[in-house]
């Protein structure tokens, strides 16, 4: 058999193909000439499976979609505190090219608007980095995220530099407030190169699947970003990724996303998927018309929404009595909810027999869930019971009960 | 043994108890007199376990925390489209008592600011509802959500009506734009009663756990809200619940939340928990100082963050070969990611023996995951293989393969 | 002969009569029904001559034109400092019905927007005045300014109170900031009565000619306002009278003005004229279309512009030598410029004969010009010359040279 | 004797000399080093008398005071319509360095803020002018206005170019909207040179006295600007000269003014005076602290306020009966008010004798007043009376009564 998912993605594209509203970006000559009929979609799961449809081999410039990933690079290079001193995390409620500086601090409101992205680019690598250093940095990181060597479209770069007045205005403004230290022309040049990196929808879906997967590229299995940075980047995409329509997008579609003026659109759902879409015709807000609608279909059809509730009752813990032991069984990825349920069941237990906690079907514990499970075992032993742990995969690793002793193995 | 979670919550409260910064709400006499030292915290899981600490039996007025729940009621009563015509879903980037009407439509920007909440209250029940009808409506819904009969604090109501000028201004303004049809004094009176409903932190944690659980009250197991409404309410809380600090809150704490001027704070993480906290001293933004810090602790200590990645690799599908059958095993709550992996494994299978899909350890399928699994089975049979389904709990209910036939039972 | 000015005014009306663009105020039923073809114009000089044309006997409600005159009343009643504490003097750059409160103080930005006018009405008479007191106050002052007994149109008042939501919103908002102390409904009721006072274009031209004449009603010769209050009122009209088009109006037309939603328009040029016009059809900004154009004609045709330079060289002082005396002749209204020229001529004089200053053709001295002229005479006497003053009309009154002595009479 | 005006100006300076609040402009190194104790004042009447006090020979850079005069140059060079297409005339209500572009048109709101001044500089001379052309143009015009050859301070220019980021930002922004056609660096360089022209307070008082005098330099008697341009410039100074405190300044001081960051301040009252003041310490708004207070003194002491009413009744027309003729006597500068009074008196005349109009003491007629006077004479002749005109100075020039005939000479 063949997996039906590509068929489904094809069907999504087909259902939207006759929407020819909007236009390619007219103010950048190289983009204005793009083939407006191109249309592609790609989904990569947090487990590394990629499904693509349409013109998924077509390369286009990443443009503003570079912003969240360059933001990740800046945090890696300079630390979150340093970055927050120069770029905020609040929605701007304004179009992408507004300055939107915060009163008082004069920080750009967030890294998803141009002012914030230019500032972020200026933070890359180190205070005294060169333009080449900064461009090399994003090219390297984006390549790691995509899992292949990316390159810059020099003709788009050159075309955009000719109409870079607004970005130059922004850079000079940031300099005038003493926030940006680097030369205005240099930082705009580097930022424009960053925007001119060529990607496919598959690259985008892999880049965002890395975020969804907590920073580990799900195909190369390389840890590209720390969990904390992935969390920060996804949060900021949720708050500010879709400019002035952020609330409408988050309620209706529910996939934190970022669009680019070349027609790309990237989205992410934590622990689930990264999505890339591409169609060069833009709506009135400068977002790709058909890529946006494709996201809506995925959200509606597949329940891909940040706040889509699971359709069923969670019931991840089981308890039963054997001859001489009371057995608690856990499975799946154990977070706070399952761990707290385990503790409830343990607390309710009045049996005086031995206890076996079976986690052979558990794939992971969060840090807090691990601590909670071990604390439960420790307390049961304080109650005078023998304590066994069945953990053939060593998911809990070193299960010290806090006093240098360990549960028995079954 | 005793579950250690209450101890943990106690420790959170103790660690913050000496933060006596801020003041009770000074502009409402009844609230100004509140005992400033009260401090309580309650967590209810989506599975219905409640853990509380501190003054968790203390009642206080719900105030602005009523807004997301009254919004849910208005959507139930009038439909989402009707509500969206009068109240937007965008962040206002402003303090709670700004008018923040959208240009052009003059809709309040969202239901979390006062203008939007007053408008929302005016939509309750039906166009020609009376003030009493509307107040009875929220009292009934809030009681269902909390799982107990709630009541109104008439003296707080009376006290707030004496300083209701800003709300009256707002109601008159909405009337002047033709958005609000009801009498200005009546709607403000009803809204103020809504804000004067008495709750405890346990009520709040249960109300929000109902959202986390997709609309089903996790203790009474009553479906109080539809999944779609729960999703809409959580989305809007994420976008606009924390007023002008929404981005800072979402990145740093990551728990969609709503505060009230009496010192309450409610938060929700879909599929995980509802949280209520209470401490009457307010910070400069009008949010409870210590309740906010308690949320920060929960987020940091327990990984309770909307974008906190799971700490491990998901691996929810297993495949192995028995004598005459190839067996695919699924477990947990199956969403798109697991279903797509199942389809990948099926597509990779080159064996010509029979196939058994074992879902005896699956608790739920999302609609799309169910469709995907059945489609996989249908295609395998088209490949000429016999197809078995082990589903003792009838999780898939009527597993029609699309042609009126069903998989065999093992 | 007949003075040709009414013919000119008739011609102005005739040239604009076929401009039927715009509509009567649609949101106030009583105003919507006004006869849209009415058209009237009236000019009163600072010397009390009134010229009128068109429907100049037609009464209409004064509406927002009441604002500058009620502002004058409030300053008389409470003092400028008290009024400035509650109402600013800055342009709002916004439409007339925006709240436009200043950051920090929450004062309405000026008394020409509704928020400022409602606040101003609330200041009338005294802190504990009744609504009746305040209405009686403006009715009395407006009658003095117009030189006849004015009255209120109760049906327009009743009609406007039915759609007073925005004004009620404004009043409640001012109360919520603690700026307005009186009951919101009462102050809006009083303010709406103020707006419902009936006037003709002649009334308007006389009211503003009183401002032009420094506060003295030019026909009754009653001092109705102090010079300082007239100056304050004209200044604020220049800054804020024409709402968001203030700069365009001041550069192009140059007549500080105030319009009303019933179609009235009042203008003033200090020392020259007061103008009233009336035509009920309003342009997109809510100003009378034809009344505005009539003002433009007056400005263009007659040089009635605040910054229109005189067309010729001023030469108000003459000096010549008689047999035994040097004679300095002044004429007109002597301000700083003429007085300084007199002093220059005196300083240049090298003659040692007696001096005669002839002011028999002078109508007035400003305070400073009087001081300058007397100081010049004092210094000439110190130079050892005999000093004579010819002042048959006693324009200088008590011409003490600063040492108890006086100039000789010729 | 010596004229006492310089003594008065000295006294004004002395009374304010101990106000050492504020600081020299710290962000421009060359200005930061200025001697903060310098203090000078100069008044020039519209008749060309200049009175100065303090450090009136001290040169300083003109800075933003160049804006109104460069605006005049741009209107001369390109026409008012062309200039209005690129720069508005509305108050910005914001600080001098805000962009303040109008919605929709993206025009800078007025020529007094930096964005408008940079745009205005870019309009100078012609579309294809060079930077040198534009700088030469303002240097030439400013020299004509001051009546002496001015020059540029190249070290201040160089110092300001090093911190020109905000102006460069502004120029790039104007370019990005397609409003500014010239190179961003070039226009900022030229504008900064314009700001670096050296002036004394006497230069400033002469430059503005030229505006007060309707465009004729009162000492060289050269017509430097047309009346219409002088009127436009003074109007815009009144609306926007004092940035965000425009209304406070216009009501309280009443002298349309413009300040510069080097400590200069220029003011103008039409037909009366031009004023220049200088003191390098700036208040929080960036205006010279002591220069501003000196203006307040002049306004209060000398009634120099745009809306200061004349202190007396105008009575410029006289009528009396001789043996065979009725004689109407006019004097001064005849504008609408006097002319209309003349016509009233003529209309009231029932005598059938001949008429003599004596204008031997009239210095000027406005265009409309001239037309009114001649129309009165024409109508009297139509009534059958003989008409004489005594006009020895030919003030009315060619007194054609509209039918090719003339009044008789007496």
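Here are some notes:
For reference, chains read A, B, C and D in written order, and residue numbers begin at 1 within each chain.
One rule holds in what follows: a residue touches a chain if its C-beta (ideal position, glycine included) is under 8 Å from a C-beta of that chain, and two chains touch if they have at least 3 such contacts.
Chain by chain, the UniProt names read as follows: A, B, C, D = Glutaminase.
For clarity, every value in this text was computed on a predicted model and none was experimentally measured.
Common neighbours of chain A and chain B, by the contact definition above: there are none. Each chain gets a centre from the mean of its Cα atoms; for chain B and chain C, those two points are 61 Å apart.
In terms of their C-alpha centroids, the spacing between chain C and chain D amounts to 22 Å. The mean-CA centres of chain A and chain C are about 65 angstrom from one another, to the nearest whole unit.
Multi-chain contact residues of chain D, defined as those touching 2 or more other chains: none present. Contact topology of the protein chains: cyclic, one closed ring where each chain has exactly two touching partners. Within the complex formed with chain C, the chain B residues making contact are 163, 165-166, 168-173, 175-176, 184.
Partner chain A is touched in their complex by these residues of chain B: 1-5, 43, 45-47, 49, 51, 88-93, 110, 212-216, 227, 230-232, 234-236, 238-240, 244-248, 250-251, 254, 270-273, 301-316, 331-333, 335-337, 340-341, 343-344, 346-347, 349, 361, 363-368, 372, 375-376, 379-380, 382-383, 395.
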